[in-house]
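Each of the next two complexes has chain A plus one more chain, namely chain B in the first and chain C in the second.
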Partner chain A sequence: MSVSSVIEQPLDLIRASLDERVLIKMKADRELRGTLHAYDQHLNMVLGNVEETINEIVVNDNTNEQTVKTTKRKIGMLFLRGDGVILVSPPLRTK
Partner chain B sequence: MSKRTPGDFLKSVVGRPVVVKLNSGVEYRGILTCLDGFMNIALEQTEEYINGIRVSSFGDAFVRGNNGLFAAFFGVNYFISILHSTGKVKKSIMLRQHTKECQY
Partner chain C sequence: MSQSILPLELVDRCIGSQMFVIMKDDKELVGTLRGFDDYINMVLENVTEYVYTDGGRRENKHESILLNGNNISMLVPGSKGPDQHPEVAEPGQRSGI
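Presenting the complex of A and B:
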């Protein structure tokens, strides 16, 4: 049975991604990649082995030049509040 | 065409190529797999566009849609519906491109 045949509502797509690596796009230009251990209807999630990517626009005070500064950090286990979530995607299935 | 509710419209759009435009201006183009009462949306073969430029693509994608957060869903779907009902394909260059891209 293919994954798409099981999907009747959007949250089924998340359920199909349990215990898999997922990509989560968050507000404030942040991305999380990690293993999805649990979720609920608010998109609160528990993620393991997470890598967070933060993109910030930095303005140089002298030249007023804008550059994008990318910061990455690793987090072993994480509870994520769902209201910051924009998009969830299983990244490994894309390639 | 008989009277239709928004729900009927949305049901008729499932399985079709759509553009989901968020309030941030980011667009997701893909096949609408399903949606729920919060307007959470599941898409297949999703491509992310920022300022009309393709930035990345996802196989499947879940877009969180409630609380009036980001998902402003109707804009282009509405145009797609016009496209289908009147056949005026030249109405919008952007849409024409979209329909081409979406003939999977």
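Presenting the complex of A and C:
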């Protein structure tokens, strides 16, 4: 099945990333890196080979110093609900 | 290239099997998916609910629930839950104030 390569509307940019590695920024300081297998008009997605990153800001009550605590976990295949998505992008090659 | 599958089709194929649901806030659930609707409200059975607080993780069990789809973030088909996807903590970076 060949995929059209004309980009006419914003969702076409996501279509161009099908079967590619993508970076998804989500609400609540979460990121997903995975292979985009499917999407729909709500930005619901099916992602494979996923690494989830949670960046939690921890405030030291005594010093008021802020530290970023990063946790990651791997998930084989998942469905992502579109209303939590902030942006979709091809991941940086340096990562 | 294989025929593409719509996201909601993936969920439909999982009816009857285990589903690991990750919510937008600090909560996760595992249960058997009995059904869902266009809003991804879900009927789950034999549910374990995991609540995350600063003090750790609490588990609650429910026989059958209707889960409001509004606060769902991700669905992981066929997973037994958070223990199947252990977290790896990375060294913190100071962004000091």
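Criterion: the second predicted complex is superposed on the first by the 86 of 95 C-alpha atoms of A that agree within 3 Å, B and C clash if a C-alpha of one lies under 4 Å from a C-alpha of the other, contacts with A are read in each partner's own complex, and residues count from 1 in each chain.
Definition applied: contacts are C-beta pairs under 8 Å (C-beta built on N, C-alpha and C of every residue); 3 or more make two chains touch, one makes a residue touch a chain.
These numbers were taken from a predicted model, which means no experiment stands behind them.
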{"item": "Partner chain in contact with A:Val46 - chain B first, chain C second, else both or neither", "value": "second"}
{"item": "Partner chain in contact with A:His37 - chain B first, chain C second, else both or neither", "value": "second"}
{"item": "Partner chain(s) touched by A:Lys74 [first = chain B, second = chain C, both, neither]", "value": "second"}
{"item": "Superposition-derived comparison: chain B or chain C, residues of chain A touched", "value": "C"}
{"item": "Which superposed partner A:Ser89 touches (first chain B, second chain C, both, neither)", "value": "first"}
{"item": "Partner chain(s) touched by A:Ile14 [first = chain B, second = chain C, both, neither]", "value": "first"}
{"item": "Overlap of chain C and chain B interfaces on chain A (superposed complexes)", "value": "3, 27"}
{"item": "Complex contact set, residues of chain B against chain A", "value": "22, 24, 28, 33-36, 40-42, 44, 46, 57-65, 67, 69-70"}
{"item": "Residues of chain C defined as touching chain A within the complex", "value": "1, 3-8, 10-11, 24-25, 40, 69, 72-79, 85-90, 92-97"}
{"item": "Residues of chain A that touch chain B when the two form their complex", "value": "3-4, 7-14, 23, 27, 43, 82-83, 85-91, 93-94"}
{"item": "Of all residues in chain A, those that touch chain C in their complex", "value": "1, 3, 18-19, 26-28, 30, 37-40, 44-46, 57-58, 64-81, 84"}
